[in-house]
Each structure stands twice: as C-alpha cells, then as structure tokens.
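Input: structures, listed below.
Shared between the two complexes below is chain A, which has chain B as its partner in the first and chain C in the second.
Up next is the complex of A and B:
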C-alpha cells in the first residue's frame, strides 16, 4: 500500500502522490461483487492533470494550479495563514469559533474516530485518509505559524505550497458526515475542521471546486437554481411533471405557484425536478390528496433548496439562506417545508438558525415529518401490497446524525411497505454511514474523481446495501428498492449502481421515500414506481 | 484546459470532454464529439435527439428534463442509452454541444 510515512510527508515529494488505493488493499465486497479481479479499477490520473494541479493522491477534486513563480508559492501560503488567523477571530468567525476551538485544543489522539470513518476503513486503512491526519496537520500549522507556540509542545510541520495545496485537496477527501465527531469521547469534530479548511480556501483564497461554487451557489444566486433553470423553465418543467404524474396515477394535480397566504412553502432540491421528476410529482400528489394549503415560489433561488455554502463557504451559505427565508416572508406562509434533500435540511433547519433573525426566522420543517403526519392522519388509504418487494432505507447523515430525524421515515415505511419486506441496514439511524457522496462529492466527477468516490468513499454504503439484501436472490428479475430520501444520496447511489452494474447483475434499484407512498395509494393507478433503468 | 481533436475539429473541452464554447457547435463538431461516445456515424435517430437538445438549449439556456426529452422524441431512456452509451446528460448533451449539467442532477 502506498501511503504517507507520517504527517510531515505533506510538505515533501512535490508533485508526487502521497497515497494510492489499489483493489488489493481493500476488503472485498459481498457477493455477487466479491471478485477483486472484476472490481472496476480506479483509472489513473492523467499526466496532464498531474503536472498542472496540486497532487495529493491519485485524483483531483479542487484543481489548484501549480505555481509558476516562487512569489506565487509564497502568496498561497500567506493567504492560507491569513485565513487561518481569521478563523480564530470573533468578528470573522462567530458562527463556528466555539466548536472550532474545542476541536483544535482538545483532541487526545486516541484514534477512536478512525474506525468510525468509512473512507479510512474502506481505503484499507490508508494513513492519508485517517480523520486525524488532516486535523493534526491543521493544528500544527496553527500552533507553529499563527500562535507561534513551540513545535516541541504541539508537534512540528513544514509549511510550503505543497502543504497548503494538499491540505485543501485533503479537505475534499472527507464527506463531512461527522460520524467521527459522534464517536469521539470528547466531541472533537474532524468534519468541522475539514469544512473550516474549505472555508479558508474559498473565502480567503478564492479556491473552491467549480461544481460547488461557479456552477453551484453562484449560478443559483444568478439565475435561480444550480441546475441553470430560470423561473420560466422551472414552471414549465413542473407543469410537465404535473401532467406526466397525473397520467401515471390517474389523479389530477396542479402545483400552485406564488400563492400568498398559503400555509406551506415547499422547496425541493431542483435536481429532483430535472433528474427525478417522479419525486416532486409524488409530493404534489400526496399534498393534493391530503388537502394541504401549499405553494412553491418562482422567485430566484427560492425554487431550489440547495445551499452548497454549507459545504464550503459561510458567506454563500448566508446569502442563499436569507433568500429562502425572504421568499417565504413575502408569501406570508406559516412554514417552509423542505423536500427530500439532506444538506438543505442542514442549511435551512439547523445552521440558518444562526443567521435568520426577527421576521426572517420563519418555522422550517422536514418534508419527512409532514409526510409522516399525512400518513398518520388517515386521509389517504394505502395498500401495502403495492410495495411488495424488498426495501431497505438509507439514512441521510444530515437528517439522522445532525437532526435526530430517525423515526418519521420509518413510520412512513411501516404504513406503506409490507412489514416482512423491509429490512434495516447495519448500522442505521444516527449511527448510519454516509452514501459516499456527501459534502458535494455526488456532483463532483472531474478527472477520475468519480472512480475514487465509487471505490473508496461510496464503498461502505454499497457494502451495506448488499448486506441488507443478502437473503434475497441477487438477480435482476428480483428487483430490490434502496430508499434514499435525499437528492445527493440518490445521485451517489445511482452512480454506484451504474458503476458496478448492480441493476443488471443484482436487481438493485433506488428511489426516494414519497414515491413509495404514492406507489401504495389505493386511489392511484398501480405501478407508479416503474423500475425503468436503462 | 484540455483540447479535443478529431478529423479537422479542434475544441477546448473540460475534464469530462464537454465543449467550452457552445457557439462553435456545428454538425461536424457533433460528429467528432460522437466518436468519444463510441458512435462513428450519427443516424437519423441520433440527430433527432441531438437537434431536440440543441433547440431546447438555445431557447431556454439549460438542458431539458430527461423525461421531457424521452416524451418529445418518442425514445425510451433505454433506447437513448443504446444510442449514447454515457446516457442523455453525459453523452447526448455532450454531442449536442451543451455544457456539462450542473446542480444535484
């Protein structure tokens, strides 16, 4: 196994990868994917990319261009130190200073967190991916170069262009799932530290993955959605979805737009509208059947729940959160309800509490809780036999670990899926594993990054899915449903299924939660879930 | 920025092979980009998909929903994957000269 000999390697061997993950380093998957020689290989990074950008391992997420002069090298280091110092100033970082200081000061180096990390474990225990590897480098830089403390106390580290560029890349080898923070006896949050590094890079240095910044939050604030949909396009698409869904279910729906005084403003991750239209269609069907007073907003940013800032930038985060709340305020709704999107839950229901004050602090609720209330209300009749196939449930980290949102999705499944057909993953609930696409990875696929994402960060989830269905025939004519109530998780699970050809080889299919609800509605035509792969 | 060359066509592309200057698209460019999808000759059916994507993009500045593409062209998703093995977003859109899809899609 190629891996760093120690923390100090981060500054050494410029332009050379510090780690490589080879199939033989990894624990084989369960059958029918247990043949290591049949594992799709991680394609090597191209020579062009390797010579153009910072090299950490054998993939690239951020594209940090190699410097042409010594001045450029020095400028990057200085910008990083300047940003690092700001993280510890109250006016600059009042939002996250307290947990940051705790995580910087109190790690006991016990390594309990390492076993909790799916990336470290599934890499075969590669030191580069140990959750404390990047945290400890950040600590040493901080104590030695910002606080000017003795390296004899806090440990030594060399600081050069390679150190900084690689540390930023390494902040994008963490899904920000916070499973390490959960298991830490002290509560040290390595994911928070990863995000603080991303934050320095973006806010102080103008460095961020293009998918998250230029093509993500910037595009959302400019045209209305990270998908590029303008208000005109999103309304046209929703009209199409209403008609298409009605054809499938036999139940007429008309999504309301910009209704002043509605009870609920529903905000979907707009990726659902583009790629999984059955999801917004199913929400509209259920809301209509339940007789809710609801609306969507066609205001720019307010028809896309995404807020990629939670992954890398507080300013972009706050801009989007305020837009969401302001749209709700203008409509005078009683609450905002979020569709099946994990990071939007984190953004608007949790982190936004720090920035939304006064009349912007409108109640926000998970769509899963509302769906649970609808299912419980008895207004809709369900026939569980419509969902007579094996089902397992993926828990999005931002819902379970961050919010403790565990039972509503299970109550829903209990009402619409035959009891004998549902099985939990192990572990699940607040102890779940990330899908491997968390923190933006699911939409990042430059160079060979998707191979790394499927092979390393997504491997534990695929393993869990296979284990959950181990008692079922693993063939295509015996279809199985992975329910993933989050757009990002769904994208990642779709990509893993594609990568391993798991629909053709094992009959593994995926979708959201509300689709199972509509699929079981007695009043709807059967077959809403159509198992159409390609 | 990588470049893509095929026949007489030279284009600036991103890491995934999507062309960076959509205004430079024409039929020869489409035919050249199609070779990256393993398609050496574009049939009438390929053109039906490509032209729909192109026209929608020019009108709305974004790719159409995949289901809309299927409904408007009359092809199933499976048939589109048979024509463009990387699928409608990463394959057909690339050939039609659209930028790489953005957001959680």
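Up next is the complex of A and C:
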C-alpha cells in the first residue's frame, strides 16, 4: 500500500502522490460485488493535472495551482499562516472559536476515532486518511509557526507550500460527518478541524473547490440557485412538475408561489427540481391533500435550500441563511419548512440559529416532522401494500447525528411500508455512516474525483446497502428501494449504484421518503414510484 | 527536608488551583459560538436513548424546553468514573487508560481523606478517636495502595502503547515524558508505601499538617521520613504540572460536552441569547479573500448582508 510513512511526509516527495488506494488494499464488498477483479478501476490522475496542481494522492478536489516562483510559494505559506492566526481571533472566528480551541488543545492522540471513519476504513487503513493525520499536522503548524512553541511539546512539522496545499486538499478527503467526534472520549472533533482548514483556504486565501464556491454559493447568491435556475425558470419547471405529477397521481396540484401570509414557506434543494422532480411533486401532492396553507418563494436564493457555506465558509453561509430568512420575513409566513435536504436542514435550523436575530428569526422545521404529522393526522388514507417491496433507510448525517432527527422518518415508514418489508441498516440512526457524498463531495466530480468518491468515501454506504438486502434475491426483477431523504445523499447513492451497476446487477433502486408516502396514497393512482432508472 | 516538602506541596497546590481557575475562566469567557451539537444529547430525556432531539417535535418552538439534568448526570458520571466512551470504542486502550484514571481518582480521594483526617484530628480529636477515625485509617491505605498500583500499571501500559504505531507517530516527546513522570512518581510512592509507610501513617501526618497549616517536622526519622517526603514532592509537582498541559482535558471535557456537544439551547425570538448574538455580529471582519469584502472595519452583520460578487 502506498501511504505516508509519517506526518512529516506532508512536506516531502514534492509533486508525488503520498497515497494511492488500490482495490487489493480494500475489503471486498458483499455479494454479488465481491469480486475485486470486477471492481470498476479508479482512473489515474492525468499527467496534465499532476503537473499543474498540488498533488496529495491520486485525485484532486481543489485545484491548487503549483506556484511558479519561490515568492509565490512563500506567499501561499504566509497567507495560510495569516488565516490560521485569524482562526484564533475572537472577531474573525467567534463562530467556532470554542470548539476549535477544544479540538486543538486536548487531543490525546489515542486514535480511538480512526475506526469510526468510513474513509480511513474503506481505504484499507491508509494513513493519509486517518482522521488525526490532518488534525495533527494543523496542530503542529499552529503551535510551531504561530504560537512559536517548542516542537518538543507539540511535535515537529516542516512547513512549505506543499504542506499547505496538501493540507487544504486533505481537508477535502473528509465528509465532515463527525462520526469520529462521536467516538472521541474527550470531545475532540477532527471534522471541525477539516472545516476550519477549508475556512482558512476560502476566507483568507480565496481557495475553494469550484463546485462549492464559484458554481455553488456565489451562483446561488447571484442568480438564485446553484443549479443556475432563475426565478422565471424555477416557476416554469415547477409548473411542469405540477402537470406531470397531476397526470401521474390523478390529483389536481398547483404549487402556490409567493403567497403573502401563508403558514409555511417550503424550500427545496433545487437539485430536486432539476434531477428528481417527483420529489417536489410529491411534497405538493401531500401538502395539497392535507389542506395546508403553504407557498414557495420565487425570490432569489429562497427557492433553493442549499447552503454550501456550511461546508467551507462562514461568511457565505451567513449570507445565504440571511437571504432565506429575509424571504420568509417578506412573505410573513409562520414558519420555514425544509424539504429533503440534510445540509440545508442543519444549516438553517441549527447553525443559523445564532446568526438570525430579530424579525429574521423565523421558526424553521424539518419537512420530515411535518410529513410525520400529516401521516399521523389521518387526513390521508394509505395502502401499505402499494409499497410491497424491500425498503431500507439511509440516515443523512446532517439530520440525524447533527440534529437528532431520528424518529419522524421511521414513523412515516411505519405508516406507509409493510412492517416486514423494512429493514434497518447496521449501524443506523445517530451511529450511521455517511453516504460518502457529504460536505460537498456529491457534487464534486473534477478530474477523477468521482472515482475516488465512489471507491473510497462511498464504499461503506454501498456495503451497508448490500448487507441490508442480503436476504433478498440480488436480481433486477426483485427491486429494492434505498430511501434517502436528502438530496446530496440521494445524488451520491445514485452515483454509487450507477458506478457499480447495482440497478442492473442487483435491482437496487433509490429515492426519497415523500415518494413512498405518495406511492401509498389511496386517493392517488398506483405506481407513483415507476422504477425507471434516472 | 520536611520544610522543603511543605513549601513545594503548598506551591504545587497553588499552581494547580490557579492553573485550573485560569483554564476554567478561559473556557467560560469564550464567546458564544454557532451551534455544533452532536447527538445523542444526554439531556433530551427518553429521546436520548436513540439520539433524538426536541427538533423532532412539531412546532418545537411553541413547546416548553425540558432539559434533563439527571440525564446529563447519568451520562457524565459513568463517563468520568469508567471512561465509557473509550471502553466502547477502543477497548485495547481502555484496559490501560481505565486503571490509570481510576488509580488517579483513588490517589486524589485518598489525599482528600488524609487532609480531612488531619483537620478532624486537629479540630475534633474525639471524632478521630472513634469509629470515624477508624474507618479513615482503613480507607486511606486501602485507597492509597489500590490507587498507586492501578495508576502505575495504567501509566506503564499507556507508555508501552504510546511507543507503538500508530500512536508513536502522532506523539511529541513531551507525551512520552508526561507518562514517564507518572510512572516515576507512582512507582516511587508505591515503593515508599511498601517499604516504610505501609499504613500511610507518615504521609497522613504530612498531609494532615499541610491541611492544618501545621509546619511541624514529621515524627519519623531517616528513610521513614525522607521517602514519604520525596514521594509527596513528586506527586505534588505532578499535580501542579497536569493543568499546565493538554492533560487538563479533565477541565476541557466538561466544556466539550456542556458547551459544545450538548449545547442545543435554541435562540428564541426575544430570548436571552439575542443580545449576545447582536453584539458578536457587530465585531469587525478582517478575512482577506476578495469575496469576503472584510477590510477590518466592516462588521459581521455588514458582510453577511452584502455580497461583493453581486
């Protein structure tokens, strides 16, 4: 296995990858994907990319151009150190100063967290992906070069441009799922440190993956959505979705727009509108049938619940959160309800809680909670036999481990899926594993990053899915449903299924939660879930 | 030698108390941070068993908050005493870390009992002559021997574990030195107890004098007095040293749980948190990336409500 021989390797082997993940280093998947020689190969990084950008392993997420002069190298190092110092300043980083100090000060380097990390485990235990590898390098840089402390006390590390660039790149080999933090006996949070490194890069150095920044939060704030949809386009698309859903369900549906004084402002991840139109269609169906007073907003940013800042940049995060709240304030709604998007849930409900004050502090609620209440209310009749196929549930980290939303989705499934057909993944709930697409990975596919994402970060989830369905025939004529109530997770699970050809080979299909609800509605035409791969 | 012991013991105690107070103060005065809780949250009552939160309630902001302090105690006490998280997630290390920590607790508890016995002996000699005194004279050596044996075994085990990969690769020289210090201090104290102070009478006298500010020479002589003094000096210096290092996690851990992992108190409109948040939003931003537009004078509120890219 090619892996670093120690922390100091981060500054060594210029231009060379420090680690490679080969299929033979990995634990085989369960059947029918247990033949390592049939695993799709990770395509190697192109020579052009290797020579143009900083190289950490055999993929690239961030595209940090190699400095052309020594002055540029020095500037990169100085900018990083300047940002690192700002992380510890109250004015610049009050947002996360206490959790940061906690994780910097108290790690006992006991490595208890390592086995909790799906990336480290599925890489075959490659040292580069150990959760503490990047944390310890950050810690050593801070104490040696910012605090000027003795390396005898805090450990030694060399600092050059490769160290900085690789550390930033390495911050994008963590899904920020915080499963490692859950196991830490002291409370150290390696995921937080990954995010703080990302913040230095973005907020001080202007370095971030294109998909998250330029094509993500910047685009969302400029035109309204990272999908590029303008208000006109999104209304047009929803109108089409309404028509299509009405045709499929036989129920009249019209999504209300910009209704002043409505009870609920519903915000979807706009990726649903583009890629999984049945999801917003299903929400509209259920809300209409339940007789709710609701609306969507066509204001810029407010029809897309995403908030990529939550992964890399506190300022971009705050800007998007303020836009969402301001749109709700202008409509005078009683509450904001978030559709099936995990990071949007956490961003607006939990993290923005200490950003939104005064009349921007409008209550936020999970769409899963509202759906659970509707299902419980008895306003809609369900026939569970319409969902008579094996179902397993993916727990999005942002909703579950990071928000404590565990029960509502299970109560909904209890009501619309035959009991014998549902099986939990192991582990599940707050102990779940990330889908592998968390923290932006699901939308990042530059160079060969998608291969790495499927082969390493997403492999544990695929393993869990296969294990959950282990007692079922693994053929396409025996379809099985992976319920993922989160847009990013759904995208990642779609990509894994595609990568391993698991729909064709094993009949593994995926979708959201509200689709199962509409599929079981007695008043709707049967067959809302059409098992058409898309 | 005895005077030197008193001097060092008082100094080390003062260093310990001041360092702990400074640590606590530094954690308490930290600014409010954005919410970053991690479930399960122990005060969520029955929901804590599966990791649920009040956010599972419909219109949670209309319901009264019920944070179960018993739930927090139920999680914290076993965690502190038995290192439950480590046992669950790293059994191999727990077999070393648990005896080490439990040994420390016993040694600390033994010291408190010796101090209490000294105070009671000075103020209520009748009490010490009765069953209470008898009980203390049994408990002190019991806890002392057990604590030193467990602590020494744990410290040796942790040192041996730290010399192995991967821990070795992530450790600084000081990490080894710290554990070595524990081994030396515990080994010396244990050797002293077994050779010249099996009943802990001499060290009890020493600690009792310290607790009652009775700067008097010890009754014994030669090695019988000297060895307990050296052991006490080593343990006192160790106690004063701990809060100066990252081993102060015994303080930080409280804040890691109560101020971060379990800090799920919502910011309700018109609630107590709003003023503090508004104050923080008035702080200047100096991040340098062009898209931030932070020049060191614009506030968080200003940069969050404008977008230089638009």
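A few comments on the model shown:
The rule is simple: the second predicted complex is superposed on the first by the 533 of 534 C-alpha atoms of A that agree within 3 Å, B and C clash if a C-alpha of one lies under 4 Å from a C-alpha of the other, contacts with A are read in each partner's own complex, and residues count from 1 in each chain.
The rule is simple: contacts are C-beta pairs under 8 Å (C-beta built on N, C-alpha and C of every residue); 3 or more make two chains touch, one makes a residue touch a chain.
Source: prediction; values computed, not measured.
For the composite obtained by overlaying on chain A, chain B and chain C can both be accommodated side by side without a clash. Our angle of interest has its tip at the CA centre of chain A and reaches the CA centres of chain B and chain C; in the overlay it is 160°, to the nearest 10.
By the touch criterion stated above, A:75 is placed in contact with neither chain B nor chain C.
Legend: residue contacts after superposition of the two complexes on their common chain; A:259 is shown touching neither chain B nor chain C.
In the superposition on chain A, contact of A:1 is made with neither chain B nor chain C.
Using the contact criterion defined above for the overlaid structures, shared-chain residue A:290 touches neither chain B nor chain C, since it reaches no partner.
When the two structures are aligned on the shared chain, A:442 is found in touch with chain B, with no touch to chain C. Taking chain A as the reference, the larger set of touched residues comes from C, when chain B and chain C are compared.
By the touch criterion defined above, A:136 reaches chain C but does not reach chain B.
Of the two partner chains, neither chain B nor chain C is touched by A:246. Chain B and chain C never share a C-alpha pair closer than 18 Å once the two structures are laid over each other. Residue overlap on chain A between the chain B contacts of one complex and the chain C contacts of the other is empty. Those residues of chain C lying in contact with chain A across their complex are 27, 30-41, 44, 47, 50-61, 79, 83, 85-86, 88-90, 93, 97, 166-167, 169-175, 246, 248-249, 252-253, 255-257, 259-261, 264, 266-269, 273-274, 277-278, 280-281, 283-292, 294, 300, 303-305, 307, 309-310. Within the complex formed with chain C, the residues of chain A that make contact are 6-7, 79, 82-83, 86, 89-92, 94-99, 101-102, 105-116, 127, 130, 132, 136, 151-156, 178, 181-189, 192, 202-206, 213, 218, 221-222, 314-316, 318-319, 322, 335, 349-351, 353-358, 361, 363, 365-366, 369-370, 372-373, 400-408, 429-431.
Residues 48-49, 211, 215-216, 219-220, 223, 225-230, 232-233, 236-237, 240-241, 244, 269-275, 277, 304, 306, 341, 442-443, 445-447, 487-488, 491, 532-534 of chain A are the ones that touch chain B when the two sit in their complex. Interface of chain B with chain A (complex): residues 2, 14-16, 60-63, 65-68, 71, 76-78, 80-81, 87, 100-105.
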